[in-house]
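When the chains are written out, they are named A, B and C in that same order, and each has its own residue count from 1.
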Amino acid sequence: MAHIKEVKDMSKVKSMTKQREFRTLVFLVLLFVIVGLVNADFISSGNILNATKNSLLYIVLAVGMTFVLLTGEIDISIGAVLGLSASVSGVILRDGGSIFLAVIIAIMIGGVIGLINGLGVTKLKISSFIMTLGMLEIVRVTQVMFTNGKWVENLPENFKHISRMNMFGINVLTIIVILAVILIHFYLSNSRKGRYFAAIGDNEDGAVLIGIPVNRYKVIAFVISGVLASIAGLIFASQIGFISTTAGLGIEMTVIAAAVLGGVSLRGGIGSVIGAAIGAIIMSSINSALVFLKVPAFWNSAISGSLLIIIVVADALIARRANNRTRKERLNARILNYKEEV
Amino acid sequence: MEGLRLLVKFENIQKSFNQNKVLNGVSLEISESEVISIIGGNGAGKSTLMKILTGVYKADEGSIEINGEKVVHYNPSIAHSKGIYLVPQEPLLFPNMTIEKNLTIGFSKNKVKVREQARRLIKQLGWNLDLNRSAISLSIAEQQQVEIIKGLLRDAKVLILDEPTSSLTFAETESLFKLIEQLKASGVGIFYITHRLDEVFQISTHAVILRDGKVTLKGKINDFTKEMLIKGLLPLDSERSGNETFKKEFLDRSKEEPILKIQKLSGDGFKDISFDVYKGEVVGLAGLVGAGRTEIAEAIYGMNKVHSGKIYLKGKDITDLSANEKIESGLAYIPEDRFLNGIFSISSISSNVTAQVIKKHRFFIDKKFEKDITDEYVNKLSIKISNQDDEVKSLSGGNQQKVVIARILSTNPQIIIMDEPTRGIDAAARSDIYSIITQLKEQGYSILLISSDLEEIERISDRIYAIYRGTCQVCLGFDEINATNVMGAAFGTYKGSERHV
Amino acid sequence: MLKKIPKWNVVLLTTLLAEIIIFGLINPRFWNINILLNSFNDFVGIAIIAFFVTFVIITGGIDISGGSIIGLTSVVTGLLAQVYGLNIWVAALLAVLVGGLCGLLNGILIAYSKVQAMVITLGGMLLYSGIALVLVGFSGASTYEGISGFSQEFINLANGNLLGIPHSVIVFVVMLLIAYVLLHWTRYGRYIYLTGINQNSAEYSGINTRKIITSTYVLSGLSAGIAGIILTSYLGSSRADFGAEYLMPILTAVVLGGTLITGGKGGVVGTALASIIIGFLKLGLQMGGVQTQYIGLATGMLLIISVAFMGGQKFKLNVRRLLNLKKDRGGNLNA
């Protein structure tokens, strides 16, 4: 009996290590430990908190992206949504509007853009890549038109203060985001409806068969992604204190890379928001790690790029080998009197 | 079976796809604790009948009663709620989810309870399934186990098992049979779809034979023998009289060198396969779906790995050549799934026809040459087209198949392997394909014909090798080819089996 | 296949003519042929990459690394010529080859590991622009000013004229011809389509689809290298961030040009027309007093509307394909 239990525990550990999130986490820890060995300041609690704070924006965007990617679609309009909602709410705040109003408007902007994306993909059958690419350009121009191509500056101090509030010495926003990520993780992995997102990307026919309203959930995913991009815009505005016309430019690619690094598959069905969040922290920590290693910052992009390629290709090769093995076993099981050759 | 509650009753079910009548008035019923084996060749209508029962298809005519109630508006989720559950041959699991998640998704019951129930069931069945494993890591047998548990969790009253043993090992099959016994004892009714006659006698209480959409034989298993079942599977003579016959003659080939010689070929899904194909003959590779024929063909063609054994083409060893080099040395293959592997659907007819032959040109494509080649084969094979530049997907299935045949003929092969060449095409085109095959034979081409349509293979092959569960133990010579022998060989019961090996 | 695309090309051509007429009515200076031809300088880089990204997309892939290969080749040219003193033309040639190598890496990883092209070229995008930054960093040159001081000869490559025709127009036409002949006249081009339409059928027909797929990425990398050289010459300096904003315009040109994002259908003439439409749109808006920043609104709309329009047909096609499949199954019954 004890033996069986042991085996069970072992398999639990094993299945945990098999999870991409776990491997990404190990990678993140290694990153901090190794850099910490070279420069102990890197693993000071101050720096770790700082690194997390700096990656908040990316985490929020990566969580939204994960919803869309899980269903097998993609959303590359998030950078522009971030910029537009930050600008609009920034102008409201600058002109003396209430924070509440600014937040509501921002969320509405993200929600509406997400809804249009979702309807375009599900009703007009436009590939999500093209739909959101077009949307990216449109929203970006809308931002320029709205701000007349000027930066939005002089945000009220009380709004900027939000991103600097601390509780028990930890940034309040950080706490909120981390709690939210954990909650969303449980929603996606344990709740009945939350699991539909991954199911759709995993096996769309199967999802239809068990009665999941596939199109509705895809639209919801785009709306969530849009809303979270808007929230990221608010965080951006509060953290930086001004909004340039290029706010969020090109950020969608970093976010996709972060999600993929965290084990989210672009084919859909695989991944978790925790993994995506860890990927986001890695992407944004590489920069500061280089500073602490006294390596010039210009290495940043080359390192993240090769990291992404190596991890993804290695993963694909491992998965393919496993698939080939099961296929073989399956075929050979059919053979009359087949005996496993040892 | 008095006293046992009637679970499902089919009454005169009819179903057509396009003009193709698949079910032609099937009536059938199942009560508690019955295991009804449904036997039939490929295309007999077994799967369609079961898909009607699970609400995937709607019957054109006839009625279904479940628990004594006639069902009107019917769909898969109503079927689930009425306790009808199909375990598909290829389980439709979510590959990237754990078993537990696969079991609980889409289920409104409390999850903890479901998990406990699943654990209890697995323990009760004596299976070794770890709920935390992801579905992608499961063997097909384990996937089936998960599907069965999925059904049991939903309190299935009628369980449909669609060829569950087709890829199970011996031990796994045994444990499945034990489960079936248990389920039977607890009152569940089971439809058991299979090709394997031994299993029918081992586990079922009743047997039903479907042929061409009709029930030809039905009754208690004790009333039958294997021979009677085989007989029920055979087509009626009267129905065949309208068909033309194909000229065959016996030739002594012992002096000749074979065009294609396969020697003790083994690979994934087949073992120790040997056969010869001579010039100008049609050799049939008979067997049921999943017997390993496509795997053999793909290994010969170079798409799958060969573990051991040799392939000779006109005496030359081509075992280790790539598909590309094999094509050059005169081998051609028409794949089974035309849509997946055969045609270039949104490309023009002419570029489909010339896809292989343009290889002979250096660099540029000669449009005139393309047009001429296409014209030539459109005429030769009487392909019905309105314009060479039309997309191939605008053609009917039969004409698409002819385009594929044109493509491989243009490379001037020595031997053509045709894998299910008449699958999914209408009767007229079917007989066109038959006459193309006969013409090719007369012109000296050798043809290896793979078909699950045992009638077809019997009618046009000069000789037949039967593949049964990845092995080849029967060769039917010119004078041994008849419906009974072919059927028996495909189902692994042919008397001459031992003799050949 | 040959029927529908020209139809789309006619639509594009009409759009282009309408554009020229309308902008000319707003500002007659737009009808000045020299101004029109000179405007090619602003989009020739986008166009020549788009020609070969068309190849990639026809095979069913995507390449988003082109923009960053521009930056890399620009830096390589600058470094080799200005810092290491190599002959500028040798340097340029080597830089183009570097672009080809980047494409080769993309192609091999995509064709052989079967990871989605999007992920690999996203990694490639980060990697190649990263290498460019690293090279600049090591050379000690300023990231913002870049490396300058190229010979007039080299500057002339993009800025010169031949019989009054700007070099950029000639480059555009030559690259278009090469792409057109390769894609529409050769066996290789046919294989690209066949691979994109049905990779399985292509394999069964004895086509080495992996090689075909890899080669399209190499071509796309080479064309990005050439674009990098042209841009370096045009602007007279080499910087790592050249081409960074090219990603969206390249894809817009290909998709607007009528190439199916799912592969198998399309052509370079459409891509060429689409890139001219976008280029002239920019010019026209500029001359009409509209800020160039607003051009995204027009291209974004064009993109979505045109794809929705084409998608309407694809949608029908999918429905028909499903029905066909069912018929096939029905006929044989996977019993």
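In the analysis below, a residue touches a chain if its C-beta (ideal position, glycine included) is under 8 Å from a C-beta of that chain, and two chains touch if they have at least 3 such contacts.
Please read these numbers as outputs of a predicted model, since none were measured by experiment.
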_When I count C-beta pairs in contact, which pair ends up with more: A-B or B-C?_
B-C
_Centroid-based (C-alpha) most distant chain relative to chain C_ = B
_Distance between chain centroids, defined by C-alpha means - chain A, chain C (Å)_ = 29
*How many Å are there between the centre of chain B and the centre of chain C, using C-alpha atoms for each centre?*
45
*What are the residue numbers in chain B that touch two or more other chains?*
none
*Where on chain C is chain B touching in the complex?*
1-3, 185-190, 193-194, 197-198, 200-208, 264-265, 317, 320-321, 324-335
*chain B to chain C touching residues, read off their complex*: 17-18, 20, 22, 40-48, 193, 289, 301, 303, 323-324, 327-328, 333, 335, 338-348, 351, 355-356, 358-359, 361-365, 389-391, 393, 397, 407, 420, 423-426, 452
*Any idea which chain C residues touch chain A in the complex?*
62, 64, 109, 113-116, 118-120, 122-131, 133-134, 136-137, 143, 244, 248, 251-252, 255, 261-262, 291, 293-297, 299-301, 303-304, 307-308, 311-312, 314-315, 318
*Would you mind writing out the residues of chain A in touch with chain C in their complex?*
74, 120, 124-127, 129-131, 133-138, 140-142, 144-145, 149, 245, 250, 253, 256-257, 260, 266-267, 296, 298-306, 308-309, 312-313, 316-317, 320
*Please give the residue numbers of chain B that touch chain A in the complex, ascending.*
76-77, 92-98, 101, 105-108, 111, 130, 132-134, 136-137, 139-141, 166-169, 172, 268-271, 290-292, 295, 468-471, 492
